[in-house]
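Labels for the chains are A, B, C and D, by order of writing; each one numbers its residues from 1.
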């Protein structure tokens, strides 16, 4: 254990992911935020960012969550939360929505994970526990179809097991799909040369990080301290 | 030759086809009229018929041809003729239009033909002449997808060759797709038991008709005189 | 032109649905659920149904009520484990309902294929996962694809916003979701619409589902929203 | 939100299209042809193009002009033999252009597959005909189906009616035809729109092509209609 390090809190992790989403790319950036922790990412993007949020139930241009009492339950996210839309939003049906996803039109999908393998395999839909009812939703489509898949997850599970592993033991969501893993301890890119640590939390050495990780890590040439919000 | 018989004229053939299109079926009848002689069929349906005309370029609810000077060239048929639409029309894109056709949602397609085989094979897109540029349009989709395919054609080609044949020698449009053939001499259903003559032009015997036909005909039990318009 | 697909009421709308029918049900979460049609189906009595929906019923109304009434033999869906899906979960644990889980995009595309006359398609989604087990696969342009089959239904129960007499439909906001594909893929498409207008009352360029895909329309002017009820309950209203 | 896909003019709209590019062109007959974009492409100079359109150019403008300028190596279409298609016909007879004829519904579906990430699909259309020769076939539910492959393009040239700055599009009447599918299936989708509005200027429920599929928008307020010109010529106007 390394008592001096301070892992990122959930909102800090979401902030960190937000920093890697282009804010003013020509033509904008089209982003799908998965259910759960990925949804927090929206809180950390500037209001004027050139980002269009996609909800797989048929919205492009998702805006802030609807205020209490002003909900319209025909306007919900994939996580079934009432939301609003921005000017220039569009509604469409599920086949068109998944044409966007499967066809490679979504620039970035941010997803949670149970496990990520060295080669970017993702397991995030089932623990293989037969007492839990299986449910996949749009996870496999997003994992396979988005141009880049960002994973936001704690570095280790609650019982201390590494989430980044040599080979996933949980049922896969997609094979070789993850681009970058954002954890409470590091930012790690999945590359043809293996897992490259781009940022590591202040006070933690690569060997310490490796000890919490189930697959070999390499420090990127420009590896630096994991950024966190100022406030 | 049978000098006393009077084959149907083109408009009479179109009228005869129109008689077999349900005018007031519950929920209406969805009809696609192919380019050329099939288009004439619309002239012989009552204005209040419960029929919705489909154009494969993306119209459901085609109305009468546009008046000279009032054409809108964004509103054309598959044959590129400016038309109008009826109240309750809908526009859609080509993928949805062919979903209607391929998915079996069009009740009746009326098509022309070069040849029809005993088993309902249809050849209507190419004579196999290599000096003619091949062009298929929506013919194969309509032939395959419509619930019923009505063929409107002269009984014989200009040079006297039968159009109804044992096996098509021209390149096929679809295999086993024709329901009924409406010619200037007869109405003939394609059935599992073979070609059944339902109506035959006044003065022509079945043997005479058979002599002009390249596949065996059988008279239907209720075979009667070919109907033609009164006026 | 006097085509008129309106029926007198909910009972007439669901008349004739047979035991054992495959029934598509529009909606995603609480958006687009044909709750009144589902309640009419409970009244109607058909049982041993195979239901296709994105979810597997939430709360107590609509699909959850149909499940609770013991009418459903099998559910084909992408996400049966939403919040408030206790009724399905209990039935599943008790072995009283079968479940076929399909990735959401594959589910939508299979329904579209059923409606559009496509005999099957290759998709990269689910390749290498347990949901591809036993399925035909093929490498296309270097990526493994899975062959998926069309889904066709006997009946589709659909919630629309506006309908005209011919069955042209529009949907509110994100309540569109699975409805347009399901309208195409059923032998009998039954629609509850919040408002019904004469032909021409929907701009021909704004029609989302053309009437050719619709068989019966019933007017349900104020459709129930279970999510609204739950919110108000939670707020103590 | 300041996404703005508008470009200054037609030259900017077609900038960067490379020799040898696969170019989808919207339209059916005279409805929906991006004539001004095609003329800009002639000016731009790209050659050795593979063009995908329902037809193969009619009259003298637009695609016919591009063909006449000798820029097209190959045409993939369903119906190259429409009236007034003399330019294509002459080039074809002279062996100066290749032709790939695809049934219209299969063409539309292959383009959609290219845009929607579908690796291939089975269709009954063309089974048993010369257009199925050499293709993989399979009996599905007793009917022979043909395996068809997706079509993807480098560029799509699209005519829309209204666009907003984000690229959301609507189309006039039957001018929609192939445009929505083509917008999805190209790496670079270039749109000429008769009017351009700010975000929110198109009702979100009325959007036909969502902006995610569009890269560049150019304002062409009074697009030319060759059919109108021909009609007026024939009338001696």
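Everything that follows uses one rule, which is that contacts are C-beta pairs under 8 Å (C-beta built on N, C-alpha and C of every residue); 3 or more make two chains touch, one makes a residue touch a chain.
Because the structure is a prediction, the values reported are computed rather than measured.
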**Study point:** Any chain that touches chain D and chain B
**Key:** C
Exercise for review: Pick out whichever of the two, A-C or A-D, is joined by more C-beta pairs in contact.
Suggested key: A-C
Check your understanding: So, what's the distance in Å between the C-alpha centres of chain D and chain A?
Key -> 36
**Study point:** Where chain C and chain D are represented by their mean Cα positions, the distance between them in whole Å
**Key:** 34
Practice item. Provide the C-alpha centroid distance between chain A and chain B, rounded to the nearest whole angstrom. Key: 56
Check your understanding: Between chain A and chain C, what's the gap in Å when you average each chain's C-alpha atoms?
Key -> 29
Check your understanding: Where in chain B do residues touch two or more other chains at once?
Key -> 91-92, 95, 98, 101-102, 145
Revision key, fill the gap. Note: chain D residues in touch with at least two other chains are 109, 112, 116-118, 123-124, 171-173, 204-205, 208
Point to revise | Arrangement of touching chains [line / ring / star / complete / other] | key: other
Review point. Between which chains does touch occur?
Key: A-C, A-D, B-C, B-D, C-D
Point to revise | Of chain A, residues touching chain C in the complex | key: 55-59, 71-76, 78, 80, 82, 91-95, 97-98, 101-102, 121, 126, 132-141, 144-145, 171-175
Check your understanding: Which residues, counting only chain C, touch chain D once they are in their complex?
Key -> 109, 113, 116-124, 138, 140-141, 143, 145, 170-173, 204-206, 208
**Study point:** Interface residues, chain A side, partner chain D - complex
**Key:** 24, 27-28, 30, 48-52, 54, 60-61, 85-92, 95-96, 98-106, 145
**Study point:** List of chain C residues in touch with chain B within their complex
**Key:** 1-3, 5, 112, 114-118, 164-166, 168, 184, 198-200, 204-205, 207, 210-213, 215
Check your understanding: What does chain D use to touch chain B in their complex?
Key -> 28-32, 54, 78-83, 88-89, 92, 99, 101-109, 111-112, 123-131, 144, 171-181, 208, 225, 227-228, 231
